[in-house]
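What follows are several structures.
What follows is a pair of complexes built around chain A, which joins chain B in one and chain C in the other.
For the complex of A and B:
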């Protein structure tokens, strides 16, 4: 029985899987601090910076390229875009420092940064 | 001489069949996951079964061409951006497979190779997306993406482990 199982899955497979899961768990634990500001970048140019801590009422920003971004207290998200797969919308709300989402067909990026001491870009391995 | 040529042709034909199988599995997968609220990038990746088989039995060039055919198909069905992501993910995952399969006295079965190459696929796509926007992207669901890569990667690898004896019986390369 044991040998039969070994044909499908070996201990080394599970060790490799566990190593990646540990890395994923570590990332999940580290992704912590609330974001302070959000940047909207179109074609590598920052077009808008929002202080998320100062937002009281939700509102939307319509960009020139047809993308609409929703801002609410402590969060920013894509709410509409003309692209076919809507991945950017499905990315959901960004709330933590270091998170980002992009609408690639429209070259639009939103990202949340914390205060100056946070270095969000260093998180991507 | 003649034998060499025949071998090459067989390899080409099998690679083409695997590419077709990969496309069929991709399509089957989209019908399976359609409507499920999965985060972007989370999918079973059944077509990796064909890519991994190509890498293990035909070699690196054939596996790369299967990945390229997949990206080409994505170009037709989902547009250039998705195609580029597919290509970068596919490229990195095939390279990961190749190097893992090269290891002497390898203890990983196809399940482990598949899980790690699935993670390489996800990271390759993230890197390509980051390059496109000119800034390192960090996705809030990256841990979920890694988790699903490992889980589905193990699953597809176990499937290949299971069907390998049957595929070997076909004696494709004789």
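For the complex of A and C:
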């Protein structure tokens, strides 16, 4: 039995297995969603989806409700809104998976889709 | 020989895939839905097939909007707004029952919260675009209307009757009530879910067998997507439901003559409560309790009475101070992980 196992698992196999384990570990560490896509939601409707990795030059998206969203390589933000407190504009740029900002008076949400590795399921505060 | 090699390669591939799966957590699939309700963002992550997720989210939003149509103090067409406008009006059984629950909580929390504080909160206007510092005379007159003993919930005639000039403000309870309604919607289907509603969170079931939910506690000194700690929570029997709510002075505030005024008002003075706290997060078994307790704990501060309240409700809390100290109640210590070491643990002895 021992001999059979020896014949089946040679030293080279063990080295290969170690390499595979290392690669798997690396994948696990580097894995997770990288925040490549952003969504613009008005009410309950996703009105725009942007691949942030494909953006080469900054541009803006003017929504029908008067809100303007700025898009640049790897980031999305509110750049103008008719709302009084401008909290949405002050929220700044979203770059990481799971980040979001809302303009409540205009019922508009921007978010980077997916979840960063080890990100919590929800935020309170 | 060749088949041996093939077999070895296959075995290694299987091992690698299994390991990748184990290490990456093999996250269960979920559907995410977003809507706007009660002036806040309502987001649900539903561990359910797409069709059921759509159905469940429709039910959740219907329930939340129905609660708002009854209880909103800012929507002029709500039942509470009608009561506030007329001083006396018919109200549905839901509104009367929920208002009764709020009154009971106010009494249990020794008057630290008062649902009849509406005339005072209207003066400050924190829920409007133009909050302002009221004059002392205005505040004194509004304070005179506050008092639970002048509020009558008449179940025989189906009405709510207020004292002279009195107004109801369910603000310290509203999101919690909405999440209780969302929980009722979820109970119709036994899928796990996380529902976030303007900073309050409902945890329903578990993400995966043997796993916990993680809830980030917002860093009060940073942006809305930043957290300084996380809570690892597993809702327990009987209904596997947990609620997390936070009251923070950073939520709504304005500056006048160099003084910052925040929105958490003391029912005793009518002014923003003076405290060295910046936020309190509460984990409880009902939405209304977590919401009310987070505000009451913020107003009352960390002391023996506050800890007894939490204990009597089976709730736990995280207190965060302006000097970046934090305190975690005993039952939450194992669930708490600090992720920003610029915060330090506060020592507290009763």
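Just so we're on the same page, the second predicted complex is superposed on the first by the 79 of 125 C-alpha atoms of A that agree within 3 Å, B and C clash if a C-alpha of one lies under 4 Å from a C-alpha of the other, contacts with A are read in each partner's own complex, and residues count from 1 in each chain.
Rule of thumb we're sticking to: a contact is a pair of C-beta atoms (placed from the backbone, for glycine too) under 8 Å apart; a residue touches a chain by one contact, two chains touch by 3 or more.
Model, not experiment: these values are computed from the prediction.
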Would you check which partner chain A:40 touches, where first means chain B only, second means chain C only, and both and neither mean what they say? neither
Check the residue A:69 against both partner chains and state whether it touches chain B (first), chain C (second), both, or neither. neither
Report, in rising order, the residues of chain A that make contact with chain B in one complex and with chain C in the other. 8-9, 13, 16-17, 20-21, 23-25, 27-28, 31, 41, 44, 84-85, 91-92, 94, 96, 98-102, 104, 107, 109, 120-121, 123-125
Which part of chain C faces chain A closely enough to touch in the complex? 4, 8, 12, 15-16, 19-20, 23-24, 33-36, 39-41, 45, 61, 129-130, 194, 196, 199-201, 203, 207, 213-220, 223-225, 227, 230, 244-246, 248, 279, 281
Under the touch definition given earlier, write down the residues of chain A that touch chain C in their complex. 8-9, 13, 16-17, 20-21, 23-25, 27-28, 31-32, 41, 43-44, 84-85, 91-92, 94, 96, 98-102, 104, 107, 109, 119-125
Would you tell me which residues of chain A are touching chain B in their complex? 7-17, 20-21, 23-25, 27-28, 31, 41, 44, 84-85, 87, 90-92, 94-96, 98-102, 104-105, 107, 109, 111, 120-121, 123-125
Could you please specify the touching residues of chain B with respect to chain A in the complex? 39-40, 78-79, 81-82, 85, 107-109, 111-112, 115-116, 119, 123, 126, 129-130, 132-144, 146-147, 149-150, 153-154, 157-158, 161-162
